[in-house]
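The same chain A turns up in both complexes below, where it pairs with chain B and then with chain C.
This part shows the complex of A and B:
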């Protein structure tokens, strides 16, 4: 029993719910004054700061565990911090803080801020609980809650399009979650316990003779939980739902929430069913095929998509399936690579969506071709964008290179026949496509070519002093390129993305330790 | 014999005679008497439950100390006492939640008649639960039907007359089939007392005599009770009856009345015919198939509905399907899951009906989807309650719906033929439930468009009785969801006592 674990879960939920309560009480939804907004930001940062500090403290101070109460025979609501949960909690916390910082400025023009922050805080608590979950049923509970609580972020602006997207998200996730529950029914019967243990808890004696049905169950869990990770065939919600959310929300949805699907898959496959059970079965091969298909398809769709945020969403579909492919290979190296890519992709995709948010916030630009010449207006943002893109493509010495290296290495060693070489090939092709859909924006941004120049060039040559002064003052009025609250998260994320590649040691060793434990 | 052992008989008698008493009282006093009777019966059942748990065995109570063929018997075990207790609690909450609706929708001069009906209904439910005599069961089935009809049409609109007429026709044909079945059984075995019939049936089954008559009797009784509890092809009376009657009626009808019949059917299966005979017959398979079809079709109809109360009513069709699916599995685990779902659905459906009326209050007494937009913001408690009920229906862990779903699946896993149909039906039905309940939840939390009329804010203290009922029902749901272990053990022990 360790009640300390409960605090970072309950605290943000409680204070988030409080905020929601007040937001519903307000009669007018018009944004309040400056002071009120400052107070709101202070409140959110205080709650989030304390929760994050407590969550990290709880995560990094030993294997804490807590049995809350028993749901039914042998299945308690049970929290247990282990190495994997620790990694995920850290990533979630980091992204959450940075994206909140960005939202403080960005959400001004979206309105209904209290509701946003209310759900944002609750969602943090739910995700911490998801990462700390110690058995399948607890995880299922918080997985469903993740869906329910993140849905309001998607439908934030209340348009019909947003509501429909949110419903689509809800149904895909719920269908998927039922796939997961389906596997729980069977695993409950054929395993020693539903508690997570590295290497699996399957009861070999009980499972004897029921392998066929168990494989189907595990496959249902893969496809089902894969829905949240945007894996084919349940991927269609992702490019609809992520772009309609406000940018900071898309950043956390794409950066972190999709990873809850990954986490669930890892828990089912590596912590309950066990790798030995799946090695070489049809489930593994189908899983690999689906993952590779998704990688390729996502990249292709992203390549021909012109709406910037939608392009990023397709890119998420593709990149998260890198992780899925890494997991499906069932080798330690690929597993390490997958975990690394979890970190890298969270950092990068959060950063990219935030840059998209910058464009929307400052200029109202949503389409890729509108971004020509933008590097002149906001060079710092564009540099961050460039670094993040390079990381996602996987060019050394960035973080993406390291994770993809591990993935390719793992694939080559896996001994899965055709997949051991097909995998790296698809990854390479997809990397090229990634370069093809991300880098032109940076190129056009910095070197827009002659047709953009007329409209964008600042009147530097001063012919008439009056006009020049006016232009100068109007530029002053716009202020610096970005307020620090928006710029800092971008810079931090870009720096992290590169840092992960220059000094991959600590993280990759940590991931490798998890990998040795589960194999 | 301990004094407590008289309580089941006394509670039946109390509720039976308080019915006619209410007819000469004024509406206000009838209400008080009714509340008092429900509370007293509930407390008595709790004492009985405590007594049976402590002694660890069931007992048979002979009325007037006349032995079986002449006298009438009551049999009390853990399951019976627990169900009685639960039914009283839910009925009290339903009555509490619908006070204002009753005052508005029922004529001043007929207020007391409503309580006559409720008391008789309670009496018949208790009798169905406790009785050890098949013919007594039939008598109380009829009393149940008639009082339920009264509950439906006391609102006195054209819709409710029609609904009551439909209910009457369907329900009486059900009773007719049940009676026929009982007659067959009596003709074959020569007994009306459950335990005697069972001995005889077991003997007949072993020797293989009268096989056809037995099967016909079993089939007739199953179909009859299935009609009365709105199993899928016989559900057509249900949406009107639940959708248009006054709030406490629809809540009581959906969460208790249909469950009383199901409980009787379980009793017939286990105590009258004997489980092994039922198992060999094909009747359970038929129930299983129709249960599954009902799960799907009920949800599909609910999706098409654009009226909140009727949507909830259709969802009852689906939930009844769940219970029959559990029965159809014909294993102990399946029946225990079904019994758990009786509790879970009873608590959830009452909650949803009361919450829906709260949402309607905040939308100018309309329950059309177009009008309830934003109702969850105008009436927060009702909104929260509806959310809780929906999550339970969808099957979020911590709510009762998840537990029963899990038990159904556990009962099915490893079952030779019925594993896949069950699990797939559960999957489909979960998703369909999510479709219509989440759609509604989103709607009630979407702020109403500017310029819409009829909506008004409703505070928690405006209708304290309804608020209290909602809070209690939410708690009941959470207790069933969070604390299922002892309850299930109770059901299991009670079920073992059945033999």
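This part shows the complex of A and C:
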């Protein structure tokens, strides 16, 4: 029993729920005054700050564990901090703080701030619990909650489009979760316990003769939990749902929430079913195929997409399947690469969505071609954007290069026949496409050519739904400079992205240690 | 003495009901107090009975040597009786507010309360004849409730209701005759009463009869292709739909199927035969069918009714696994589903009562006006979709565990069907939740300015049920252990 684990889970949930309660009681939904907003921001920062500090403290102070209560015979709600959970919780916390900081300014023009922060805080608690989960059922519980609690962030602006996108997100995720649950039943039957243990807990004797159905079950889990990671065939929700959310929400959705799908897959494959069981089976090959297909398809779609946030969402589809591909190879190096890419992609995609948020917030720009010459207006933002893009493309010495290096190396050594060379080729092509859809924006941004310069004199009238006239005028009054609350997260993320490439040692060693444990 | 008490709990509600129109009450309140007191006392008696189970049976009436109306209490009956005794006072309390201002209120409560006794009769039946007797009676007693509003729609619905019920009972009757002829006794005996050595050459006939009997009793659970009566019966006032068509009537069907499968025909005869696969196939199909129809339906109560069709087939699916684990799963779902479905139906009724809105697309933004009702509805909706920590997940877990354990290919397909149905449930329940709590842009709050929360008589049952759903979901071990003991023979 170690109740300390519970505090960073319950604390943000409780205070988030409190905030929701107040927002629910409120009759007047018009944006509040300056003082009220300041109080709200203070409240959120305080809760989030304390929660993050406690979560990190809980994560980095040994292998804590906690059996909360027994849900079924032999299946308790059980938390256990291990190396993998520690990594994820750190990433989540980092992104959460930065995105909240950004939101303090950004959410002014979206309205319904209390509701937003309420769900935002609860979601943090849920994610911490998800990362700390010690068995499959606990993880499943918090996986479902992640879906339910993140859904209101997607439909935040309340347009028909947003609500429909949120429902699409909900149903795809639910569908995936039930695929996962299907596998839980079989894993429960044929394994020693549902508690996570590096290398798996499958009971060879019991599973003897039932391999066929078990493989189907694991496959159902891969596809199911893969839904949240945007893997084909359940990927279609992602490009619909992520762009309609307010930008800070898109940033955490694309940066972190999709990773909960990755986490679930890692837990099922490497911590319950075990790699030995899957090595060389049809499940592995189909998984690799799906992942590569997603990588390629996502990049292609991103390349021809003109709406900026949607392009980033397609990019997420593609990039998260890099991670999936790395996992599917079932080799230590690829696994390391996958974990590294979890970190890199979280940082980069969060940063990119925040940049998109800056454009929307300041100019109401949503399309890629509108961004010409924007580098002259906001050089700092564009420099961050450039660094983040380079990282995602994988140009040395950025973080993306390191993770992709590991992925490619893992693929080459994997001995999976055609995939061992096809994988790196697809990754390379996709990297080119990534360059193709991210870098021209930076180029045009800094060197617009003559025709663009004119349009930038006056900020465009903005047709963004959900903003009042007040927000409009406040934007004009802001002048060209970005407020520090928006700029700091961007700079930090960009710096991190590069730092991960220049000094990859600590993170990659950490990931490699997890890899040795599970193989 | 304790045996007689069994008869008392069956008769007391019936007499209470019958007396209602005869007595002249000073006010409506007096009548409500009278009814609620009688029902509560009866429930307390039932609970007392459960903890002090009589060891003897009570033969009320004997036709010939073996044909008798006999009451007895065993584990399964105790579970069902206890469930009914818990839900009835709550639903009645709700009914007082719902029926306020209606004409012919007294005749409504007559049948409503009398049904309580009949349902207990089913639970306390000791042999197949007694169960059949109460089973038939239940159809007849609930008929006036379906017809209550006397609209054309209601009359047509009640006609359908009657035809289905009588038809089903006729099939069940065939099964009963065979059990009486070929069985060693007419009583319910765990493991079945057929003399397997003697009936060996008639096995196929008996299996065919079992299928008929299964279908006959399953008409009440709205098994496909006998499911269309249930959504139609939704024209009845909501307390009826919630308790009878969400719980009592449909569960009686499931209960009867359990009885004939495990206590009359016996799983030894049935397991691994075509009859088992046929009925399991029907159940699996109905699971998906009911939920799909629910997704398509836009009428609030009818959607819930279709959901009942799907969920009752979960129970039948568990029954047709013909293993102790399957049976335990079925019993768990019988209990859990009763809480979830009565809660969601009662919420729907509260909405209809306070706003007059019957269709789901009219519900935009009501969550802000009726937060308590929709909070309860949310709990039941999430439970139905199977979110862990609520009781729907518990029963789904045990059903799936039973299915996976049996290893039958069809059972594995059934597990997949459970998951598909869970997804469909998410679609049809959560879309309502999203609608009421997150109205789309352009929604005008002024339209529902007048809407208020219902009174305490509606809110208390809702709250109690929601709390039960939560508690059962978090701490189900004692219940499940008990059910497993009952199922393990």
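Just so we're on the same page, the second predicted complex is superposed on the first by the 492 of 519 C-alpha atoms of A that agree within 3 Å, B and C clash if a C-alpha of one lies under 4 Å from a C-alpha of the other, contacts with A are read in each partner's own complex, and residues count from 1 in each chain.
By our rule, a contact is a pair of C-beta atoms (placed from the backbone, for glycine too) under 8 Å apart; a residue touches a chain by one contact, two chains touch by 3 or more.
Just so it is clear, the model here is predicted, and its values are computed rather than measured.
Colleague: Using the superposition on chain A, decide if chain B and chain C clash or fit.
Modeller: Once chain A is superposed (C-alpha atoms), there is a clash between chain B and chain C.
Colleague: Please work out whether A:293 is in contact with chain B alone, chain C alone, both, or neither, and reply first, second, both or neither.
Modeller: A:293 sits against neither chain B nor chain C.
Colleague: Is A:160 in contact with chain B, with chain C, with both, or with neither (first, second, both, neither)?
Modeller: After superposition on chain A, A:160 lies in contact with chain C alone.
Colleague: Which of the two partners, first being chain B and second being chain C, lies in contact with A:141: first, second, both, or neither?
Modeller: both
Colleague: Mind working out whether A:175 is in touch with chain B, chain C, both or neither, as first, second, both or neither?
Modeller: both
Colleague: Could you pull out which residues of chain A sit against chain B in one structure and against chain C in the other?
Modeller: 24, 69-73, 137, 140-141, 144-145, 148, 155, 158, 163, 166-167, 170-171, 174-175, 178-179, 181-182, 185-186, 188-189, 213.
Colleague: Within the complex, which stretch of chain C touches chain A?
Modeller: 368, 371, 382, 385-389, 394, 397-398, 400-401, 403-405, 407, 412, 415-416, 419-420, 422-423, 426-427, 430-431, 434, 438-441, 474-477, 480
Colleague: Please give the residue numbers of chain A that touch chain B in the complex, ascending.
Modeller: Interface residues on chain A, with respect to chain B: 24, 29, 69-73, 77, 137-138, 140-141, 144-145, 148, 155, 158, 163, 166-167, 170-171, 174-175, 178-179, 181-182, 185-186, 188-189, 213.
Colleague: Where on chain B does chain A make contact in their complex?
Modeller: Per the stated touch rule, the residues are 377, 380, 391, 394-398, 403, 405-407, 409-410, 412-414, 419, 423, 427, 430-431, 434-435, 438-439, 442, 446-447, 481-485, 488.
Colleague: What does chain A use to touch chain C in their complex?
Modeller: Residues 24, 69-73, 137, 140-141, 144-145, 148, 151-152, 155, 157-160, 163, 166-167, 170-171, 174-175, 178-179, 181-182, 185-186, 188-189, 210, 213, 465.
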